[in-house]
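See the structures that follow.
In what comes next, chain A is part of two complexes: it sits with chain B in the first one and with chain C in the second one.
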Partner chain A sequence: MKRTREKLLSLALGTAFGLIGAAHAADQGITKDQITLGAFLPLQSGLAAGATQMREGAEAYFKYINDNGGVNGRKIEWIVENDSYNPQQTVAVVKKLVDRDGVFAMVSTLGTVTAVAVLPFLAQRGVPIVNPAGGHELLNKPKDKNVFAILPLSSEIGESMADYAVQKLGAKRVAIFYQNDQFGKDQRDGAIEALKKHNLKAVGEASYVPSDVDVSAQVVALRDTNPDVVVLGIIPKHAALFLKEAQRLGWKPKIVGHNTVADPVVLDLAGPEALEGVYVNLMTAVDTMDTPAVKKANEILAKYYPKTKPGYYPYLGMAGAIIIVEGIKRAGPDLTRVKLISALESLGRYETGLVPPIEWNATYHGGPRSFGYAQWQGGKLKVLEGW
Partner chain B sequence: MNLTRTIVAVLILALLVALPFGLGQYGYYLMAIVMIYAMVALSLNVLIGMGGQISIGHAGFWALGAYGSALIVTKLGFPFFLGVLAGGLIAAAFGALVALPALRVQGHYLAIATLGFALFVQQVLFEWESLTGGRQGLFVPRPSLFGFELRDDFAYYYLLLAIFLLLAWITGNFARSHSGRSLMALKMSSVAAECCGIARPKHIIIAFTISAFFTGVSGALYGHLLGHLSTETFSLAISLSFLTMAVIGGLHSRAGALLGGAYLALAPELMREFKDVQMVIYGVTLILCVQFLPRGLISVVERVWTIGTTPHATR
Partner chain C sequence: MITQLLASGLALGSVYALLALSLVLIHKATDVVNFAQGEMAMFGTYACFALLTKTEFPLPVVMLAAVPLGILLGVATERITMGPLRSAPPVNALIATIGLWMIFHHTAGWIWGYDPVRFPSLFSPEPINILGARVAQNSLGIIAVSLLVMVLLYLFFEFTRMGIAMRAASQNRRAAQLMGVNVTRISLIAWGLATAVSVVCGLLIAPLTFLDFEMMLSVLLKAFAGAILGGFNSLPGAVVGCLVIGVVENLIAAYVSTAFKDTFAFGIIIVVLMFRPQGLFTREIVKKV
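== the complex of A and B ==
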């Protein structure tokens, strides 16, 4: 009964105010001097280290914006909930963020299945989500009007790496080493597609599963196919295992790796000699890049989270924060979710300097399609080409 | 005595009906989760409370129900209700299978066997990508009744409440049936019961089947509430949570199942404010509960209600 009354009342009020004009009906999470945003991050899980860095990257930028007067006079409050990388918990915390805390939008979340699990709910409520970091078509090349991706499709990274091997490194014989799951297989498929365009085939393929602690058999098998270039669709630990094993065998092919091979962890595990000369695909900045955007990002991070080293996750988190702040700014003082979405769609080619340029429009909300490349030289990453 | 029981039952029912009002969308969702968990607690009441059989593999049955219903609704286009029923039946069939080792092994060994079953189910669902979506998971439509979609968790809560009451009624009748009484006799002394002509295998299989059916139904309803399934949800951790919830609530009472469900669904909410120390508090309350309330939270309620009578009277 009460429920029916409530519904009737809200319907009546809705009609009354709806007539006055939707432009004045502010969405939830907006007050005169504050905007509430939210995120779910796996702060207690195998990905906890990355999640924490991602949070600190984004949080640092919001603090910086707040200390400089906020956006259109409003300060940003960002509520982060832990979901332990469990989709069931993600659904619960997102319902809490949207229905109880009343967040206006979500930004810089981490996790693939966890994000996919909440997409229908966010779409139903029309809550914008910017930078859901993960590897899934629905996240990297979204169809939903409210989803905006900053990371590319894994298959496009694979394509780019194979193109780089053939065009820039002059490879005739390309082999692929990949992680045997969606993350690695998508990269492999992309690489094979790209090779086909150059009338080439992969001369060798090998894979591992994340629980493997030894990849020596795969290294030997790939060496026997005698490739000029090996493409790695891989995570840091196994990149280090691969490189150390290749070094032990004295095998020195050219190597092009996923962005994860730029992770300082690989350097710690494999050492500078094994890494020497390895090329890496870049879909976020590296801290040695000598550009104003990267320098500013490093300064902001150093000011608010001095213990956090700049790198993939902090940059990724911050890139999401930069873009949503820009979108909110352009959407103007009478902020609504619909206005934020159209502001993001009209950003055009937008450079954060921390990730390759974003090119969203009314029909494309996907991640960037151009990448940078860097090379490990003497234990340091040297950027060869930007995006 | 009977009058008091009726009054109590009516009061509990009135409370359950009135509970969600004014809680808001997030509150409705939590209440729905309470009901779904309570169904699992009920299933463990049957298996552990009556049958004396342990299981740390109920996540497996839960997963079978959830995926079973989701696939039948999405791939075969069956209505929601049939999907839920089918989810329960699929889980029940596997329940009967899992009962087979239970006929030969007991205690720790049975626990390990059920654990193996749950891991097996999780792995198969994960690898069978063409059917279940594997790592990417599977979208599940919202529940619908007679063509009306229950978009709102508020309406869904009442459907869940009705199903819980139905399952609780079945549990009560089962406890008084030939099988139910045989199970209790077997639990007290297997040898004595078998000497009296009770066929142990038959009743153990029945207990597992019913328990798995309840859990399967719960899983199916859960999938439709969540809107998306992936195998991460059906881990060992959730099996253990189920066991904990059933013990904390009380293994010998249907109202205890409800309290257990409420505990598992709401305790994390209440403890969210404590942030990093919440797992410590959770662990300590668990130990305290088991130490001082071996018959579960319901025993507190029972003691208050039945001062002067025997503690078993309220079953």
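== the complex of A and C ==
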């Protein structure tokens, strides 16, 4: 009798410890044939359009990988939760993803404040997060061991745009139109810094807030400063509002815009004439790039999400998916979070073809530092400079 | 520069004015402040856009269809949400309209997606030169429609039996009822009319702001501000108030700072409310006990 009880007890304890042991050996979210990943996206908010496209870009790649046998024999399950761009909701859904769904890592999330709100929790649990898309030092030049950025700092984009205006377009008078939040202000600050290097000052500055439905006053004010080039640190809808307003006034400055101005939505909203000649900074691919990587990405997207047009957000989502899959592959069959992190750090100069080359190492987890440039010509983006 | 700023300010103000007219209409007839007005306009505009793309009816036909569609939307909303609240305290109706705001906002995103889309315009995109300012024909259309709607509604409230009954019902519901005014019907008519006006407003605004589930957020706030400036019960007051807001906003953006244009616009409202709580264009109402 005593024996049986001891046996039962040891069996029970054994199972319990065994499970914990197993969880430590392979980390949570990993089974024999599945890897569970997660993401938080603002699927119901002003950024919802981008969030949906980002999800579809990443999801298409995971489906493609799964249909081709998975990674090291494991299929990928990616659980996406909506946070409505509300940091409190992000904290809740990330706790749910990590504690209840037991995700192994996070990939291709969207939102700045929302990601910053959950970084301490993810760092504490050691959950890797690849491609937290946003604009903040903690996300684009991360110090945490578990964070890997695919996007550059917004200020570096601003710097690059101003450099391009001065060096390539020969601008002497540069004006800046930007979104009045960290996303836009950082670009503005970067541009001002770059102008300083060239002994120039911005001749005009104007801003908008995302809820604005009209930017006519800003356009008139900027026009009156008579710039050669206007730098836009902006999102697609307001880029379209700006361009249409400038067109209405018959004002045609040279324009250099953030990568979001390459979004097909801008073409749809503003029309090809208003966009003609606009230069765009590239930190993701554009669908007209004639490279094998872009063609393959377009095919994958067309197969799994035929309604989604290739562009900034789908490429960005997919780039995160490609990199985490590569990291998981290199980390080998006995996958752990620590192994994934060291695999990502040892990628070297890694080309996804959808974003500029990634150069992570043990001390640098930040985004790329090179950019491409393209120009809208006849309703099509023509790549002028690759990265 | 100044003429261009004034012209675009007036164009912008007329957008606010068109929505403000619906707000004032419902408030004048039922004493309810409808926070959902902007979202109902957006929702109706999306419905018209669906009609436009699914059936390929020409735009003017869809514009005409917007009127019955708006009436239907307004009447249904009134029946379902405002009807049961008629004998509840006014604050309940106010909270209910905030709930409606959320419902219309998220339902639209859920049905039609979150991407902004281009909306066709009745007018040619070629701008017209007025005293050196380039004004979109669409904006002139909006100004014309808002003035027309304002005049029609003004005549309706001042000179028709139904209009007078509406004003009576909002001032003292019980007394109006005792005089034989059908208060339930008045509320229905007001919601139907106001929603029809606001859907037309949405159709006129969408070519300028793009059709987007967030297109009405700031328009609604400015329309409120303009209506309050005008006294909230006066139709001409609301229109003038909104035009003032549009112009002031533009001047501040150009001459002071673009970052402060909303702050200044709303700052003016606070000042007005402090010194003329009844608004700039209505007489003070003295209630006798």
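Throughout what follows, the second predicted complex is superposed on the first by the 363 of 387 C-alpha atoms of A that agree within 3 Å, B and C clash if a C-alpha of one lies under 4 Å from a C-alpha of the other, contacts with A are read in each partner's own complex, and residues count from 1 in each chain.
Following the convention adopted for this analysis, a residue touches a chain if its C-beta (ideal position, glycine included) is under 8 Å from a C-beta of that chain, and two chains touch if they have at least 3 such contacts.
Computed from a predicted structure; not experimentally measured.
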{"item": "Which of chain B and chain C A:240 touches, first, second, both or neither", "value": "second"}
{"item": "First (chain B), second (chain C), both or neither touched by A:99", "value": "first"}
{"item": "Touched partner set for A:117, first chain B, second chain C, both or neither", "value": "first"}
{"item": "Touched partner set for A:224, first chain B, second chain C, both or neither", "value": "second"}
{"item": "First, second, both or neither for A:345, with chain B first and chain C second", "value": "neither"}
{"item": "Contacts of A:182 with chain B and chain C, given as first, second, both or neither", "value": "first"}
{"item": "Comparison of chain B and chain C by chain A residues contacted", "value": "C"}
{"item": "Touching partner for A:136 - first (chain B), second (chain C), both, neither", "value": "first"}
{"item": "Chain A positions touched by chain B in one structure and by chain C in the second", "value": "none"}
{"item": "Parts of chain B lying in touch with chain A, wherever the complex brings them together", "value": "21-22, 24-26, 29-30, 33, 134-137, 139, 151, 154, 226-228, 230, 232-233, 235, 238"}
{"item": "List of chain C residues in touch with chain A within their complex", "value": "1, 4-5, 8-9, 11-12, 15, 106, 109-110, 113-118, 127, 134, 136, 205, 208-210, 212, 214-215, 217-219, 249-251, 253-254, 258-259, 261-262"}
{"item": "Partner chain C, residues of chain A touching it in the complex", "value": "44-46, 48-49, 51-52, 180, 206-209, 211-214, 216-218, 220-221, 224, 236-237, 240-241, 248-250, 265, 268-269, 271"}
{"item": "Chain B partner contacts - residues on chain A that touch it in the complex", "value": "2-3, 85-88, 91-92, 95-96, 99-100, 112-113, 116-121, 124, 136, 181-182"}
